[in-house]
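Order of writing sets the labels: A, B, C and D. Residues in every chain begin at 1.
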């Protein structure tokens, strides 16, 4: 969805486009807020409907509220498709797919009585919030983090591979040492234990009972407690690098050679020479007396 | 409470103001210390009173100690109100409300016999310590942290929203997979399990019992173990940025008024004017060829 | 294995060397990928074979698949040895030992019927993946992390020693306070509890039951929660230092031979000689008054 | 113990002093190593003696080994006292007290039969390792960390105070909500639960059972999971500041005013001018052609 979706050039559709797809008028902002609240409310209704006492008491009510949300989301999707020039392209986009997923399960109940169990699919509609956040430029804020993650993904992959190796080896070891009665009935179970231990979750549903098993457990816990420093350190360094890279330019002063200027600098902070990227020759550069950026 | 509360211009009240509201004389410091100790002691008494054996043995004693503290705090509040010129404004301020909350529950017992259960409200008096810490300039130290948090709140909000999404989706998934006997009786319960797992708390009161549920659990644990690096990295970077913000001076350029220069700057980075702290008049300032700050 | 293993100068062997030991042709990359998949598949088979229901149903099948992998790895090892000029030196190297370990257990079953239990040894073949990752230059990415760890090992050792001291002292203390019925039957058991608590794993299989024991537990938990900041901070600082080490060039001073200059340096910081990458001859180098690198 | 302890000026005592109190000859290093091994061995014996099966089987043997270590440590202490000029001052120092504590419990058994239970005191001898580590200059490595901790103690205190406030308030809240059957029988118990939850330890011995209690639990877990970023960020920033402060001096170049030189720099890296702290006047400074530090 890199290329913006264009509305047809009609009055009503254009105005609806501004309200539904954009976010810079008060009306559009109100629509966004209403949409977020409706999505959250509908997800909460789906969740509460799984609580037996509530379902017994208010099941009927939840049923009709669910249909109300489904009809509202269906109407919203139809309006979105009517507005756009290329509705099929929208349906194939990420947000289009999510829009369909948000309403499909309820409609399917009419056809398939068993579809009521598609709870997980109905919960997926929570992803629709992303669209609104993106409009509100929240997601843009997250790009710094995603870029920092991408730049350090080689190191994070190595970290997770090391965790995988440690988990595999310690799990096999403890599987051989501990009796099956302690819960270590297979290596996959032992891997579950090792991950529970290394990540410091520590459910306690499977714990070693032999002294040797507890000694290995001690080692796994200390390793898990220590190596969390690795992804944290790598990611901190990346975020700091991202922030700092923004500030300083590589440009050297043509007057004194000082080379650590902030990007916004127009004059060298050491000798006052005019900094100009195009004309590096100080004899030609003529600092305009009243021009300043920003 | 941005504008300082002023005492009436009488001798006793002024002196009491210095002792009670300020913190720069030995007497005022002693008063602060006594106040902290009294607050802590009264909160500890409230807590110990809930321990059945202690309550049975010393209940009477606790009752009278509680009344002692309440009378002392009431007297203190009355003195504070007497000292100030605008006592009603103080009562509406944050610390005024806390002062009232600290004594109200015990007085209410005289009117309402059931008010004894307002334990949580009585514990709120612990917030009174903030006032003393603020006087002692501890809270000023914390401003750096709060500012770093505020500046990164967009990213922290995105992080928490991602956590919320992950928790919702994994909880729904495990709710569908696990049998209700394992404790996953509803999605809210499954969300409780997902948060217990993702945050690496790991109570172990609800754990998956099917192989598929344990595999998803493994994934949630590894995600929780890894993404803790994100808020840590963001906050570390913010604290470092706060510290580095020290490198900028408050000095404005005498030529163009620009006021965000690094402390080591000798010339304005916007207009090249020589920066000199002593001679702010640009007509007098003459950049001497061999003078340099350090 | 610092010196590269050289193939004999024959056509087939040279080509096989390029495929098996190197990683820059499409064929060699395909071989690497196939090898990783085979290693993972064989380890997964070993693991699944320990799950009783699966072992009962597919035990026969697992047996033959295991033999298939063993024969394939054996053939691969023989080809590796045939290719190399010094096969014995390879067998003594880290990867040679792992290669032998990967196939030995299955062959030993022919001789020793009880060798089937060497599950842990068979799982070690997962280490073979390292060779492929090394070829793919993933391991090179990890060197930064390993170097950061090595440079901070003094501080990490001190941290772990402090953890060891805290664990020993708190474990002895709680051993004396808690009744044996709570599980604190010996100091080693109490150490297990202390590590479970300090690393925030918290299995819950041994927990203090006396108020004093719970108070000490509170202290241990808060300490464990706080001091995790120490290795994280040290390692973050080291990674940032590693990244920053990039700012130094390898260039030696033509005047005094000093070789640790920042990249932005124009003059040697030890003897003041002009640094110029092109003209390393100090007699020719003439610091031009208006030439500057960038 | 800031002032070094001086040996009496006799031959044997001086040589013993070098072996026992110093660490720069091979013999002294061997003595240090032997001492560390003996301390560790004696602590391990104390620990194993608390394991019932081992105590039953080897109790006699442990008893005599313990006496052997006690006699050896007593002899060592007597030699230390004989060597020094001011033995009483040594006995009052930190290491002197630890030395006495290390041997006292065993001797007390001769007088008081019940002293056998002083296990915790005997474990304190593990602190003697610090002396050896100090000699080996490990502790010096830790000073950076301790200084970083000290410089950030105001912020760490505020963090712990916030944790204390959160724990108190949430504990009181959950105490009121949860039934006593769930384990929340008093506020101190609820505080234990809140610390177990906030620090992400999660024993699971006390867990909320009501939906509201679990909702509050979710909140406490998310807070605990997030605010760990605060001490980590503060400490990371302090360590980075410590490392960086070491590298650069505040000194500006007398030639061009550049002010970001590494401390080891003798010449400005921008203009090659000789940097000299005493003679800041560039006309007087005469760069000596062959003098360089390092």
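What we mean here is this: contacts are C-beta pairs under 8 Å (C-beta built on N, C-alpha and C of every residue); 3 or more make two chains touch, one makes a residue touch a chain.
Nothing here was measured: the structure is a model prediction, and the numbers come from that model.
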Higher-contact pair (C-beta pairs counted), B-C versus A-C: A-C
Same-residue or different-residue interface between subunit A and subunit D, half as cut-off: same
Chain whose average C-alpha position is farthest from subunit C's own: B
Chain centre separation in whole Å, for subunit C relative to subunit A (CA means): 29
Subunit B and subunit C, separation of their C-alpha mean positions in angstrom: 41
Numbers and ranges of subunit B residues touching at least 2 other chains: 159, 188, 191, 200-204, 224, 228, 232, 234, 236, 240, 264, 266
Complex contacts: residues of subunit B adjacent to subunit D: 43, 46-48, 50-52, 117, 119-120, 123-124, 126-127, 129, 133, 138-139, 141-142, 144-145, 148, 156, 159-160, 163, 188-189, 191-192, 195-196, 198-205, 224, 228, 231-232, 234-236, 238-240, 243, 264, 266, 290, 292-294
Subunit B residues touching subunit C - in the complex, by the definition given at the top: 200-204, 232, 236
Residues of subunit D that touch subunit B when the two form their complex: 154-155, 157-159, 161, 165, 168-169, 172-173, 175-176, 185-188, 191, 197, 200-204, 207, 211, 214, 217-218, 221-222, 224-226, 228-230, 232-234, 236-237, 240-241, 250-252, 254, 257, 259-260, 282
